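Listed next: structures, encoded as structure tokens.
The following pair of complexes shares a single chain, chain A, combined with chain B in the former and chain C in the latter.
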Partner chain A sequence: MTRRIALQALLLAIVAALFAAAAFNAAKNLEARHIPTSFAFLWQTAGFGLNQSVIPFSPLDSYARALLAGVLNTLVVSALASVLATVVGFAIGFARLSAHWGLSRLAALYVETFRNIPLLLHLLFWYIVLLTPLPQPEQSLSFAGVLLNNRGLYFPFPGLGWPAFDPARNAFNVEGGLRLSPEAAALIFGLTFYTAAYIAEILRAGVQAVPRGQSEAAQALGLSPAQTRRLVIMPQALRVALPPLVSQYLALTKNSSLAAFIGFADLMQVSGTILNQTGAALQTIGIDMALYLGLSMLTLALMRRIEKNSDWGAK
Partner chain B sequence: MTDFLRADFLPPQPPPPMRAPGWRAKLFGDARATAITLALLVLAALVLPPAIRYLFIDAIWSAPDGAACRAPGAGACWAYIAAKSPFFFYGAYPPALYWRVNLTFALAAALIVWLLHPKIPRKGLALAGFFLGLPVVGFILLHGAPALGLSVVGTNLWGGALVSLIMALAGMAVALPGGVALALGRRSELPALRWLSIATIEFVRGAPLIAVLFMANVLLPLFLPPDWAPDRLLRPMAGIALFASAYMAEVVRGGLAAVPRGQGEAAAALGLSRWQSLKLIVLPQALGAVVPGIVNNFVALFKDTTLVAIVGLFDFLHAIDVARLDPVWAGPTIALTGYVFAALFYLTFCLAMSRYAGGLEKRLAAAKR
Partner chain C sequence: MLVRVLAIFLCLGLSARAGTLDDILARGALVCGVNTGLAGFGLPDNRGEWRGFDIDYCRAVAAAIFDDPKKVRFTPLSGKDRFTALQSGEIDLLSRNTTWTQSREAGQGLLFAGVNYFDGQAFMVRKARGLKSVRELNGASICVQQGTTTELNLADAFRKFGITAETVVFTGGDEALKAYESGRCDAYTTDGSALYAQRLKLSAPGDHEILGETISKEPFGPVVRQGDDRWFNLVKWTHFALLDAEELGVTAVNVESLRQSNLPEIRRLLGADNDFGAGLGLPKDWVVRIVRAVGNYGEIFERNLGQGSPLKIPRGLNAQWRDGGLHYAPPVR
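This part shows the complex of A and B:
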């Protein structure tokens, strides 16, 4: 008993000593390099613009507002990519489970290829190879009201109207609609198609976890194959798939930090810029960590509530 | 009352066919299958010919500079890959000393085959070689040791696949023992140790790798005495090792949970000390059960090494991404050629590892039955 207490006391003493040494060194280093140690820098003028922002942002706004815009960009991109990845992933997962040999092999090929190429390469590919050679605004490619040019992807959106290029009103750019910058589009595409490969495998594992007897019993009761899938297989498969699905969404949110490589103004990129401008390393990295950790914990807590409250989690 | 009961018997049906359906039945069995097959054939007809033309027929296989690749209608510029491959694989490492890099990775490959191939005996020796011998020998070979007559090559000259593989190997060599230590700490009876382990694991797993790399690159020098200044390669390496250890800890935890309690109790009843029981009874079973998970973790680690570019290192992908700007070669097809080559490189390594994990999973499942 005393040995256990002594061991733990020793461990805590070592950790405390390490922290103390780190703090001591940090204090000395920070002073020697004239790095700010308070959060006051947050209210200084940012001086840089963002290529895409959910809230109005100008270079005259503060660093704090830039961070807020970055967080919102991270959240919006992650949410959009999560929805799209689920749609694409489920489609590929069903194709993988298809009885058709060719379709199933094609889906397997997709999964194996996309999972085994680093996400960064996906992003660079979308950004540089597919989105850079886009035309000027006056030669926008258009499809069903959606316009695509080198300034981004324009969607019709309630309140913003239909996107249109009208040289009489603005000879240089498309007006109206919701604009997605090429950086944001590349990030969303890359995240979607990369994560879809994982989601397809999660769906497949979920469906295969449902015992064979279930579909045989449904068939014996006279349910059609479509009914069997919708009423018997999928509810049970989704129950198995929900926890890994949520951790995939979390991974996607963390992966959206790769935006820093293609210059999309997400939390990571904005805080990297702030770090370079102010040198306030401890504060910016601390804020980043707190936000990402908070986001994961919030999502996990939410998932636990869903599992507890809905009949999805029922035993 | 008995309306729903059949009064007359149905004639017996013929027995189901014994043979599995042939390819014709699989692909053209009914209208739906035929429609899918035709759609796939149309897709292949649309995608494959231009792809083959671009990658092989119209491709430029040898050229002194980018002029031929810039011509209209030219396909992939493989000549560029050939010309730049020393940079892609070795960075700015002195060409006369490439043998040192090759020798290091040949050694690593031999040890990995020894570790992973089920038929080669004496795994303990291989383990010691990989986790203790290789880091020392590799460092001496790559960095150089004047005392042994090997001239010093500074890490600022290292780049390309050399850096990617070093990061991955160092990450593996730290992550496995680190992950085991964190996983054991997590289920320790000592609350202080347990909470420290949980805090480390959850903190690292909650953050993106880029944030951890930033932290290692910027904060590590702040927390150390000013004259220690860790090497520019060592800082991201520490970040990757920490990150991989936390994820490995969760895999190992799954393995530890799969070992029945009775195993440890039986070991204790036989008079084994806790350390002996851990080393001889619990850990071999726990790790054996999760080898596929461990290898999948290594795949993720290898893909994650591409992110070290954020702190200014020239790993394989970053070297390719930078080389496309070289004015001698720059042209419309250069970026895509480079990315296709990078994709092949990562696919080869990751697929080999995934295939091994998949095969092992099947063997383990068969052994359990």
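This part shows the complex of A and C:
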């Protein structure tokens, strides 16, 4: 036993030494190649603007604040898309399980189409679909104070006022109100409908994993089909479905990094700009990896809580 | 990008290399980092052959070394990848419409071998808007491609003018241009040279105009790593030789016959008497090799960007100093 511990300790020491040597060597070589490795750039003035941010951001703020704005944008979009994807995914999943032949085939068609097209194409598709038919700000569509044009959807909001297009104040854009940009909308739609296809399959797998005997037994006990589904099938199905479902939320968050292709200021887009301006490639990529890891840990912690507090989670 | 950065990080065993020129000679080809696709500067034609202003600079260097402009391997690089590729030794020379800035030399271990194209950030807008100046874009939405100092220049200029705008930043130039064309943005901004190229991609180029005003200085030039002065000199003097050749009227057509010229400046440039190539690690007739292969600076410009190309960019600042431009090359002597 002590020998085994000693061997393990020795192995650990060797691995640690290897890592230390690699890090030391890397630092030396990076220095020799003039590749910057300091993180001091984070406190310099960013100098670029963001078209969307949940926290106030101006070009005079630091790179660190720009990264924070970026990661919050990623968080908001991922959270919204996760909720929507779950709703849509469950709807499609139940449709797929439905005894109605046409409905089930339609759901199957959805799943096969949406999960077999690369996500980037989904995003570009939604972006074009949203932009093409919408009018210029001068011809904004308006309904009950809500304005819609190819720059976004504007809602009246306390503190931000009523949205309005007034050429005397701004000849180009609607001012005032809370705005959902076409970029954010396309990203949320793309992520939602793509991930929903996977979630539908996960739900189907979960429900079909429950032995037929369970529903037969429930019927024998006199439970109605709705009660059977709610009290017998779903708790067992969700227990099976939860781990892959969590994987989907993690994948969705990471997939949101394609946002920069359609002009949304997510973490990857902001850090890409920072990388370009500072040349701090290693540091920026390192920060990105750490932040995505952090977001994933957050998702996992959240899901574990939900699992614990529900009666169907694994005890 | 991630893979590239990690690859560099893992190439820990790489020790100090021999001279860049020796590596190129041993390899039998120059490895040149170029744009992934920018009409006029670097773009493969319909037969897959690379063409453009930056491409011809790679070919000029290859011609000087090998007397063969085909001995170049092109590595298409994005704006993000380009410096890492050069720093790590993946490429020998970066010839990719890259702006010379202080931080790139002082902070990133790079050297610019001169300015081969004087550019500036400009704006494309719809003609129907009737705009005259960038200052009239207050409140507008502006589409931008990420990958250069474009966003920084834009924010700086608008701060200076005391106006605001919404910037919509895209990874790809095509996506940014498409968003502008669809009406998502009122203006599209990037380096003037690229605007001319991208306007041709619009379905109705005639409906759009490029405002005359520029908001930044963008001097482009070929870039090398620090630490190999001999290689730096070779690239720098290839550039000067192209300019000197134009100034002295040496072209791809007359270069052979001009070797018998009586003018001392031309005789020196073409190595008719003394050897000016040796100090660069090149043979005596290095300029003859260059001009025979790609022509002089003016020929490269007109063929790729000027009147001989679809872009029709005027020489402007890129004319020789005698014609009111900024190009003034030191002499070969």
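By definition in this document, the second predicted complex is superposed on the first by the 226 of 315 C-alpha atoms of A that agree within 3 Å, B and C clash if a C-alpha of one lies under 4 Å from a C-alpha of the other, contacts with A are read in each partner's own complex, and residues count from 1 in each chain.
Everything that follows uses one rule, which is that a contact is a pair of C-beta atoms (placed from the backbone, for glycine too) under 8 Å apart; a residue touches a chain by one contact, two chains touch by 3 or more.
Quick caveat: nothing in here was measured; it's all calculated off a predicted structure.
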| item | value |
| --- | --- |
| First (chain B), second (chain C), both or neither touched by A:Ala260 | both |
| Contacts of A:Ala26 with chain B and chain C, given as first, second, both or neither | both |
| Touching partner for A:Ala164 - first (chain B), second (chain C), both, neither | neither |
| Touched partner set for A:Ala205, first chain B, second chain C, both or neither | neither |
| Which superposed partner A:Leu72 touches (first chain B, second chain C, both, neither) | neither |
| Chain B versus chain C as contact partner of A:Gln136, first or second or both or neither | second |
| Touched partner set for A:Ala64, first chain B, second chain C, both or neither | neither |
| First (chain B), second (chain C), both or neither touched by A:Leu178 | neither |
| First, second, both or neither for A:Asn150, with chain B first and chain C second | second |
| Set intersection of chain A contacts, chain C complex versus chain B complex | 22, 25-26, 29, 32, 124, 128, 260-261, 272, 275, 281-282, 285 |
| Chain A partner contacts - residues on chain C that touch it in the complex | 1-2, 5, 8-9, 11-12, 14, 16, 79-80, 83-84, 87-89, 103-104, 107-110, 137-141, 143, 146-149, 151-152, 154-156, 159, 165-172, 175-176, 178-179, 182-184, 186, 225-226 |
| Chain A partner contacts - residues on chain B that touch it in the complex | 23, 26-27, 32-33, 36-37, 40, 189-193, 196, 203, 205-211, 214-215, 218-219, 221-226, 299, 303-304, 306-307, 309-310, 317, 321, 332, 335-336, 339, 342-343, 346-347, 350-351, 354 |
| Residue numbers on chain A that touch chain B, as the complex places them | 4, 7-8, 11-12, 15, 21-22, 25-26, 28-30, 32, 98-103, 106, 112-113, 115-121, 124-125, 128-129, 133, 254-255, 257-258, 260-261, 268, 272, 275, 281-282, 285, 288-289, 292-293, 296-297 |
| Complex contacts: residues of chain A adjacent to chain C | 22, 25-26, 29, 32-36, 47-51, 59, 124, 127-128, 131-132, 136, 150-151, 169-173, 175, 182-183, 260-263, 265, 269, 272-273, 275-279, 281-282, 285 |
